[in-house]
């Protein structure tokens, strides 16, 4: 088992690869459906994924109670093989709450924690304040942490400079950036290379996986990987093998499919796609609403045209 | 006591007036300082305020556990006279969580609930989805609700049209709008007047109180009212008495003071101002940081120049 | 005639009142229809307007050649009575071009020039750069200038601070602010009052005329004043007379009408409304397109409901 | 010479490669310095560039009179070898003005025209309106046109869908996209490939050249190519040769250099860099201001660290 001592450099493992951010399944009464989570993981474990995000945006984590969060983490950990990483989304609006949940996730066996930028007091979330927050969490976390930049949800967009500052912390191992700003990704890569820092960048959405890899990302946390794990893995592999035309063709083919389960229809689209593909998608929690029938048909056409289902 | 039956029209009381959104005091260990909350209320009760918001943005509600929230509500209710309204901030990211907390607040004696727009899944927070959310909450709330539009924190900005749609619900009594868009306020006023709806508009920040009153708002939820209750009340009264020059002079004089405790330095600025004025401000919760000494001096100058302290 | 000497303080006249920003009429071949401009002015001259903006946003100035601009200014000046102000829109992307056109407008008899913020190199349009630009123009203008802040078109939003700095210049007499930010208007008013500066604020859209007046504006440049001059003047007069309920009712009634000829359908909406009301609206220049028939019917309904036409 | 007949498909040449958007040199009096333009071109002609953009954003085209524009085009055409493309920036706010200038540029010998989105009446610049505009220009242009999407200046961001619609026009040959949105680039590539359209995509800034190439762009219009032509060409060549590590290292190394001459210090930064490197940069036109001495030193450090100058 990995050493987990925050006082020494923890950045001892590689993140390279593809990670689905797991949706949290609910039953018809709206309760967490843990058996469905297991069956989804059983399906995904057949693919060469590097690991899983539990309690991310696609996990509807903002709608779960703490008790539910811990239950989901425990269930997932039991169903994720030891050689695959479990990264837990443990960010809260308060620093203390984030530390507390991160410690609990570590106890459950999370390998790392993905910490979203606090955002409610946005005008005060300066780079300096966010650096202070992340350092406090990293200092008190038994497991290494990843910065999670998700401006579409938070309206906070952490730039390259503060991220590189954070990269110097021994317990901050990487960043998941969902902004789609590949210039920033390239700039972070350049600076951490120059300083010889062990810091790894994950693309936050499949729409720009290949472009992100081209400038230094080592993988991606991809909603799409829940429904198209083979394709996401193949884009990465084609890139590593220098098969650029194949990578480009698959990458661009995935764009409308990815949009359907992210920006366009979000978690309701993703869960509907999972249902269509024989996984357990199930209901979303309100205020999210299930996609209407007409949208569902359009989604199915997109999945068929994208070659996700034959 | 008020009838609290969601199946009949609950809009039986007037909101006209000024409401401070109470900060939640913390002690040096970071715990909720309930005695300080009482002493602040004892001070504010000397003014002709219409009531108080508990657990709003200034109450750092996103950083409180549910247990803390209920404790703060109970303490506040006991310290707020029966003839003054207690409006509880009970919005959560999920509809079910919002309903649950609203019901608990009602049991504690809140007169109404202030429900912020859910925002995490922003791309999905269409007017239709938000209308669905608010109706579900209103249908299940024993007390009337107010819509809380706060784009600076949520990046969701509810327009006039969906707000007017919600105004037709028997248990949705008003809106607190912090966007500063007075055209929207005027447009809501026009439409609810035209339809004869009982729906009341509160300005969400003291910077535009007078302009909002001029187009139909009936009062305001004003961070500034924590430190300048007399001035806020006077702007309202001058307006009602047609003393426009006096209203304008006081309104514009308050602009830099208000900015200091809202957009510019937020809750850290407000709590520092309270400390300076002899109330209990105390520490903020991280990631918020106390304002630095230099800023504190600037803030004090602003308070003195604004006539808040002599 | 007014003294026009840039070396002395030119701020010798009052701007108080309502100004329509005149559309530039085109004939069916797309040429400037100067007779139509005269007939529109003949109609508007029957109202107690303070003056006119020529070559503003509604004048489609960005689509006119310099030759056309001068022709329109000359025609308008001849048709505007000497006791009414002609304010010319002479802003260009370059400082030199702005100075040149301002001088030509002054020769033609413009009383003041309305100078929009340059915006193409937006990332460089810092407050300092814009202050430099406006000072250069003011130093070289024979007539006083007004700053024109129009973020909906320019995506540049000049804040209170640089505007107050500019207010100290002897040849910068005021600002037309179309941002709708009434806190900013109040803040400018406060500071120029405090410093005893002769600086006048005009609201840039009828949607927030009354709120702007309540915090210190002295009038407005209002697209709506082209089709509802009596109503715009009445809002102003009601305000000055302290008839707040009448002011509010008329102000809020005008909101949908104003939106139809500004943000919603812009110049195409305004010109269609003028046609409907018996003035000369006529075609717009491409890329603007005439509003479709369906929209035209909706527009007419809005005009009828707003009481603009009986 | 190329056939230039708008009624037949003109898309007969390839755009693949790198294009510097030429700055327009001014002398100390602010007049166009045509000899300097020639000497800059003489320097750049030594590199394997595919062609040049004349009158683009870096050419300060919004600050040039029409007479100056034609003079600059004529001078550039005479100094650009026949086997290199001259693409003229001929977009104006009006459709008619754009057509007129495009026709004049064609007469002077431009191979294609780069047409920026009109933007002043932003609320009206819907996809449908912009499609109408571009079709009108393409129908009336003797040379093929490229769509120029530059939201940093225009605040208009044309999405993939309308661009693909335009790609079906026989006289619209490509797009220069400066938004940095590589998902959009990939999506356009996918759709034009699927439909078998001859439509070519150029990256609009060197910061994301490699990521754009990875998803289907064929080259770039790069301010950076004025001062680092060899490096820009090398990134492209490394990519074509499958040398991904070399491409990545050079691409990321160029990021701070590119930022210095684009988003950060814009044309003033570019011209200062050219001066430093022995080309003719010279003054900018106001409201742009020369970069201050302190910035100049920082810029020089960035150029040295980036390996642009030894």
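Per-chain numbering from 1; labels A, B, C and D assigned in written order.
Heads up, the rule we're going with is that contacts are C-beta pairs under 8 Å (C-beta built on N, C-alpha and C of every residue); 3 or more make two chains touch, one makes a residue touch a chain.
Fair warning: this is a prediction, and the values are worked out from it, not measured in the lab.
A.B. asks: Chains in contact with chain A and with chain D: which ones?
C.D. replies: none
A.B. asks: Could you name all chains that are in contact with chain B and with chain C at the same time?
C.D. replies: Both-contact set = empty.
A.B. asks: Among all chains, whose Cα centre is located farthest from the one for chain B?
C.D. replies: Of all chains, D has its centre farthest from that of chain B.
A.B. asks: When chain A touches chain B, do the two copies use mostly the same residue numbers, with over half shared, or different ones?
C.D. replies: Mostly the same residues form this interface, as more than half of the numbers used are common to both chains.
A.B. asks: Suppose each chain is reduced to the average of its Cα coordinates; what separation in Å results between chain A and chain B?
C.D. replies: The mean C-alpha positions of chain A and chain B differ by 35 Å.
A.B. asks: Starting from the mean Cα coordinates of chain B and chain D, work out the distance between those two points in Å.
C.D. replies: It comes to 50 Å between the two C-alpha centres.
A.B. asks: Find every residue in chain B that makes contact with two or more other chains and list them.
C.D. replies: none
A.B. asks: Examine which chains touch each other and state the graph shape they make (line, ring, star, complete, other).
C.D. replies: Contact map by chain: ring.
A.B. asks: Can you list every touching chain pair?
C.D. replies: Chain-chain contacts present: A-B, A-D, B-C, C-D.
A.B. asks: Okay, in this complex, where on chain C does chain D touch?
C.D. replies: Against chain D, the touching part of chain C is residues 30, 57, 62-63, 65, 93-97, 118-125, 129-130, 132-133, 136, 152-153, 155, 263-268, 285-289.
A.B. asks: Per the contact definition, I'd like the list of chain C residues that touch chain B in the complex.
C.D. replies: Touch residues, chain C against chain B: 180-183, 186-187, 189-190, 193, 207-208, 210-216, 239, 242, 244, 247-248, 251-253, 255-256, 259.
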